[in-house]
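Listed after this line are the structures, all set down as structure tokens.
Each of the two complexes below includes chain A, the first together with chain B, the second together with chain C.
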Partner chain A sequence: MAAKPGAATPTYSPKIVGRSRLPIFKDSDLDWSRPDGRGFHQCRPALLQTGAVSSASGSAYAEFGNTKVIVSVFGPRESKKAMVYSDVGRLNCNVSYTNFASPTLGQGTDHKEYSSMLHKALEGVIMMETFPKTTVDVFALVLESGGSDLSVLISCASLALADAGIMMYDLITAVSVSCIGKSLMIDPVTEEEGCEDGSFMMTCMPSRYEITQLTITGEWTTPNINEAMQLCLDASSKLGEIMRDCLKQSASASDE
Partner chain B sequence: MAAKVSVSPTSLLNQIVVPGDVVLDLSNMNNQTIKLGSGLLQDNDAISAMRAGKLSYSKPNKYWLESSHKRYIPRPDDHVLGIVVDSRADNFWVDIKGPQLALLPVLAFEGGTRRNIPKFEVGTLLYLRVVKTNIGMNPELSCTEASGKAALFGPLRDGFMFETSTGLSRMLLNSPTRPVIEALGKKLSFEIAVGLNGRVWVNATAPRIVIIVANAIMNSESLSGTQQRIMVEKLLAIISD
Partner chain C sequence: MVMRKLQLPLSQTQKVRFERAIERLQSLSSSANSDASVIVTDSIPVNHDDAFLKGHGTSEVDGELLATVCGVVERVDKLVYVRTLRARYKPEVGDIVVGRVIEVAQKRWRVELNFNQDGVLMLSSMNMPDGIQRRRTSVDELNMRNIFVEHDVVCAEVRNFQHDGSLQLQARSQKYGKLEKGQLLKVDPYLVKRSKHHFHYVESLGIDLIIGCNGFIWVGEHVEVRDPMAIDDQKDEEMISSSSTGKEQSHIPLETRQTICRIGNAIRVLSNLGFTVTLEVIMETVNLSNSKNIDIHDMLGSEFHVVVAENEAERRRTKRKK
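After this line comes the complex of A and B, so read on.
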């Protein structure tokens, strides 16, 4: 079915249907409502599950609203590359998107920036000295991108590492906040991320009250940063409890 | 949001704990020496869990986390099932499902000398004992007991090997005998070798016995003692029909 040398290669593209849609945010601050009907300080419902991938040492599946991710942890295992001796372990993180993760077709790619940020968030919580000369591989796959992808990935990766039995100081939870106008919105969806003035993401260890990563982009005032931090800390402690319950359930199931 | 410190050392015993949970508060325990096993870490006056598992205690003063994982972390004197992956002049490289391949010296056999070096093909299944697990080095194995006798160690011929979690293999080796093994042993005759690395080898006269034993063990992980006995009865009823 090859095309003739002179002829143009046939292509097809999805038909774009014009849809009349109300703007997400109206002009007045007071009239704003979120696309999914949540309050400004309300997170999406979270579904967490461990042991999703049977071939991995540990794995977890997370679903926060429309954001669906799956993380697999392999190792500790001997490094494939002939690297120099290291008395601490190595952490290798890879974040990729499926082709169908976002409405734009054919966008399934490795996300280098997210991979780096996931590594930064996790390396502070893992006891690297417990697996010298070896590597722990964390492979994260975004099945559906519905906003706040990185924060969901980090929380899910933490759960997968705990499921794999990797020694950790604590679980880590990540929460993101968007600043739109004068309002702060916790756990933003894709539409909100598209028109935000600034984003704030905090990764912390809820039990130890320590922050492993803090990312701020865009325009922020000091009072807004303080408020966002309080929102994130509060949400992190609640998310931490959900993650703990999930781990305890899976541990007790295998312990009976 | 600060960690909840347990007031008494017994409050979390036999409970499931997860990373970050404070399991013991040392400020309340005066003049006591305690021994910490795997999965626990001292952080000033608090003992924290480093992984998910059940907090266990043995008298007089030992605390550790009992957990089940797919990966095995080698410990000295563990009995494991290994697969030969490479053969060298002085040693065999053996896969024991750990972070690194393990070394089995060619002289680590009963009466091992340069004259009678054993020959194992790649893929041979061996029952072994872990001798050394120094940090930064590959674990060292042996096919003898500490006394130098071969005892149960050596190659496992025929049979069927399957993989389970490290938690289940530990339960199978625990005393008293796990109900599933006890119930199967009353009605069927078979050989079984369990490695702490989550590998189990089963051999019997008929293949169907091997299949039944393997399936019963694999299904028993999340079942209670009574449920295990009921499952075995159902399996035996099927083959007797």
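After this line comes the complex of A and C, so read on.
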């Protein structure tokens, strides 16, 4: 269709939408309160349990507030024929969501990105050379998404691997921090993740004080990064103790 | 003792009885390994003056011996290792194993054994149906599916390990081979202790029980082991033809099926409670269910689990007295 002579050609102008803060966040940074009433540097209550799936080599269930995940570990078992010979083991990670995990997803989905991040976090801690020619499969299922899903998945997967008797250098704990305005919030929930300026997730070995994965997205200043890292390390050591207690309970029960 | 917390709904009285039974069992169990359970990165106390050997599940960091798995610390002379409880089966040459055929390959069957890798049962390591010792030909290779097909349950012996760590099996005796008319049960391998006898015939019930070292247990109708070499060729052919025609017709009597299910449920209960699976304990559990007039399907209920735990505590106490 030809445009009328003299008329300006209509162009598409995107509507500039400012990211709206949730009602819980007031204009002043100082007056913010978190949706669940926690302090900025306070984690959600955690429930950890091993041996949740009887058919798996090892399994764990984790509940951090409203985030509920279950991880099953199968193997080590023989690698598929298509794979070439390897003198170290292979790790296969798969993260999927149930169709009722969150209202926005609507249907169960596989998270390729989360799967690769889970793989990256775990491969540094597993002694791959102890099971050559074989594969360890880690299947993670998010039953309910309540925020900080990946960090909960990683911690739960570490617990499941320990339950399966896979040789590891240490347990893994993952903690995430959100930056909203000038404030840093540890272990953010879905509402906080929806309006964050930046996210920071750190995966570390608490006993060895080594980091296996560090993910930073969004706007961060150097002092904020340092503060977030310190927050994560402190939270990781505390979470590590909870995980060790969980494993000790199951180990003492099995001690003949 | 108890592998995991009992995943059953217990009433208040059942809970009290169960906890009391567990306490009695713990007091009876040897205190040698009471502080031996470790988890990942726990320090293992060793005397650094004496030479020691680092075994499975341990690693040395900054001169300190750390556990890399969750389990129980075991010491054999100078060797220090961690025995993992939930780990997969660790085979040894000569072990009797029960497995399931997952693939028919070239001159071999691949068998799932609850091990890191699949077991390999070579055609040459297998007794031929006619019982004659001879070289395996291409015809035998074509007829491999007449012996075992996918999903068949087989019993074999660990022959050796190959250089790449895979497992070679053999079934060169009449007691090994295909298992039919029964139930395959899976328990944690650490619940099965290696012993002289893994093949059991419960004469009073007419049941065969094969407790595989890999945690696979077979409960089935008793089969007479007949040596084909002792039979004339004609008789042998008649027997084979009659067995092949009667395969569809033959059925297990109801009483035998119920007995198989009862023994199967007894093993499941023992596995849930984390008790070592032996013929003696299995038969005691079966007799207990009979004496208490407990139906087969009720054996997996909470009450019977508590009763078995109490009975095991009593059994160990009387054994200790003797």
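Everything that follows uses one rule, which is that the second predicted complex is superposed on the first by the 231 of 256 C-alpha atoms of A that agree within 3 Å, B and C clash if a C-alpha of one lies under 4 Å from a C-alpha of the other, contacts with A are read in each partner's own complex, and residues count from 1 in each chain.
Following the convention adopted for this analysis, a residue touches a chain if its C-beta (ideal position, glycine included) is under 8 Å from a C-beta of that chain, and two chains touch if they have at least 3 such contacts.
Since we're looking at a predicted model, the values are computed, not measured.
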Please tell me, clash or fit, for chain B and chain C sharing chain A in the overlay. clash
Which partner does A:214 contact after superposing on A: first (chain B), second (chain C), both, neither? neither
After superposition on the shared chain, which partner residues are touched by A:143: those of chain B (first), chain C (second), both, or neither? neither
Partner chain in contact with A:77 - chain B first, chain C second, else both or neither: both
Looking at A:233, would you say it contacts chain B, chain C, both, or neither? Reply first, second, both or neither. first
Please indicate which partner A:57 is in contact with in the superposed arrangement: first for chain B, second for chain C, both, or neither. both
Taking the superposition as given, does A:132 touch the first partner, chain B, the second, chain C, both, or neither? both
In the superposed arrangement, which partner chain does A:166 touch: chain B (first), chain C (second), both, or neither? both
Run through 95-103, 239-247 or 293-301 for chain C and report the one that clashes with chain B in the overlay. 95-103
So which positions on chain A get touched by both chain B and chain C? 57-58, 75-78, 85, 127, 131-134, 162-171, 207-208, 244, 247-248, 250-256
Where on chain B is chain A touching in the complex? 1-3, 16, 18-22, 39, 41, 48, 50-54, 66-71, 99-101, 135-136, 165, 167-168, 221-224
Parts of chain C lying in touch with chain A, wherever the complex brings them together: 1-5, 7, 29, 33-34, 36-41, 57, 59, 61, 68-72, 84-88, 116-118, 164-166, 274
Can you name the residues of chain A that touch chain B in the complex? 56-58, 75-78, 85, 87, 127, 131-134, 162-171, 205-209, 233-234, 236-237, 243-244, 247-248, 250-256
Residues of chain A defined as touching chain C within the complex: 50-51, 54, 57-58, 75-78, 85, 127, 131-134, 162-171, 207-208, 244, 247-248, 250-256
